[in-house]
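Before anything else, here is the set of structures, which you'll find just below.
Shared chain: chain A. Partners: chain B in the first complex, chain C in the second.
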Partner chain A sequence: MPIKLQSILGLSFLLLGGCSQLHHVHIGDIDQSQGRLTPFTIEVNELGFDAAKAVEIGAGVAKSASTSEDLEFVALILAISNFGPKTGNPVYNDAYADQVLSEVIKVCPSKKITGLTSVREATNVGPVSGEVVRIKGYCIN
Partner chain B sequence: MKKLFSLLMVVMLSACTSSIHMSQVDVGTNSQQELASGKVINIEQSQKIFLGFVYDSNYVDQAYKQLLLQCPNGTSMINVEYLTNHGFLSWTDKIRIKALCKPG
Partner chain C sequence: MLKNTILFSLLALSLSGCVGLNTVSMTQIPAERENKITTASSSWNFIGINFSNAFVDEAIDNLKAQCPTGKIEGVYTKHQTTGYLLVFKREVIVSAYCNEV
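Here is the complex of A and B:
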């Protein structure tokens, strides 16, 4: 029974502990003198997953010591196999933000754009996250 | 069987992860004609790094030089992306530039 309670508590913390994290923001020039401004937002996202962290959590809750040790070894292998700087959780597709420029070009029928804000952020729920690139701006009408 | 499955999972999960650190779009003083008729170019430069030993970031300068060469009249809109492809005790830093060149 105590283990069940611990599991429920752990799961609750994982789910309720979801939070947004801003990694980078860039604000461009804003020109309000050319006409009426209409806001737009373009957002692309990808599932982020930290496999090593997930296995470490598994090692922490494993019932037997040998399973825990095995999982810690797996976490180490995963960590050294995915070496390098990370912003948010790693993703399995490095091209998810490739289309933002073409989307921004297409979004305004007037083809006049100003006030572009680029945001790189993430929504984290334990070892899983939504890795987001968001572009906000204004069409000049 | 259980160990084989675990090994397979580890191999699969350790394949080709990436991290996009920054992706920003900037627009210059543009005219309707430039956005409608400009040519989009793609530039990618990278640097392989082993165990964190890195002494320069010349690949960024190379990307910038290519941008100047490919858009001699300048750009009306630009998207710069900085990302890392992770690997076994090594990684590859990349800079990707997509730009809308001003027509000549």
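Here is the complex of A and C:
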């Protein structure tokens, strides 16, 4: 395959590769008996980075075969060192979702909340991702 | 040789599982469990390429529509993915109890 076509295909897969991923959904009780419901959404996100995938891409576009082989070896070491159970890409801040509780409490002036839905999802662009926690719910007015 | 390879591939395909259970969650189950409501929403994709997870919101709207003035309790949510060769179906299946107050 000509190198130009290969690069275009590679770039296309890089941009499209699993754009939106759904990891977890939890739907809570919904009380529609106490009055009108006003929806709200709280979303927090953090930058995720897959170093092994980044190096793999580097190996794919490297000009010399020896550089490509070296980078593939580095990618293997990175992949092995990050092997294990995980949800989404690794992030650099383990407390990014902690503010969700206080945000949810603040959002309803009536203090009555129902129908909380928790979603853990990610938006991926190649080795970089936005690791997202989304809370949707309703204020009872 | 080619015939054997095709047969072996078909056998392997028929033995492989095609449903992945992603998550399961459940809320407090009420004492009154007469009016059960269920809903499901799904999203299809090719080789795992998705652009939105909005099908989850669709399930919530369907659930609310089935119990417009009551309490939806005991919500059991199942998130699963089914593979049909290169095409995948992501699905949220929800069941709950609707109790009028």
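Details
Note that in this section the second predicted complex is superposed on the first by the 126 of 141 C-alpha atoms of A that agree within 3 Å, B and C clash if a C-alpha of one lies under 4 Å from a C-alpha of the other, contacts with A are read in each partner's own complex, and residues count from 1 in each chain.
Assume contacts are C-beta pairs under 8 Å (C-beta built on N, C-alpha and C of every residue); 3 or more make two chains touch, one makes a residue touch a chain.
Keep in mind the model is a prediction, meaning the values are calculated, not measured.
Look at chain A after the overlay: chain B and chain C fit there side by side. Touch criterion met: A:Pro90 reaches chain B, while chain C stays clear of it. Of the two partner chains placed by the overlay, only chain B lies in contact with A:Lys112; chain C stays clear of it. When the two structures are aligned on the shared chain, A:Val100 is found in touch with chain B, with no touch to chain C. Look at A:Glu121: by the touch rule set out above, it reaches chain C but stays clear of chain B.
Considering which of chain B and chain C touches more of chain A, the answer is B.
Of the two partner chains placed by superposition, chain B and chain C are both touched by A:Gly28.
By the touch criterion defined above, A:Ile77 reaches chain B but does not reach chain C. Least inter-chain distance for chain B and chain C in the combined superposition, rounded to the nearest angstrom, is 8, based on C-alpha atoms. Overlaid on A, the two complexes show chain B and chain C touching the same residues of chain A, namely 23-24, 26, 28-29, 31. Those residues of chain C lying in contact with chain A across their complex are 22-23, 25, 27-28, 48-53, 56-57, 59-60, 63-64, 67-75, 77, 79, 90, 92, 94, 96, 100-101.
Across the complex, chain C is touched by residues 16-34, 115, 117, 119, 121, 136 of chain A. Taken together, the chain B residues at the contact with chain A in this complex read 6, 10, 13-27, 29-32, 35-36, 40, 49, 77-79, 81, 83-94, 96, 98, 100.
If you check the complex, the residues on chain A that touch chain B are 23-24, 26, 28-29, 31, 51, 70, 74, 77-78, 80-88, 90-94, 96-98, 100-102, 104-105, 108, 110-114, 116, 118, 120, 131, 133, 135, 137.
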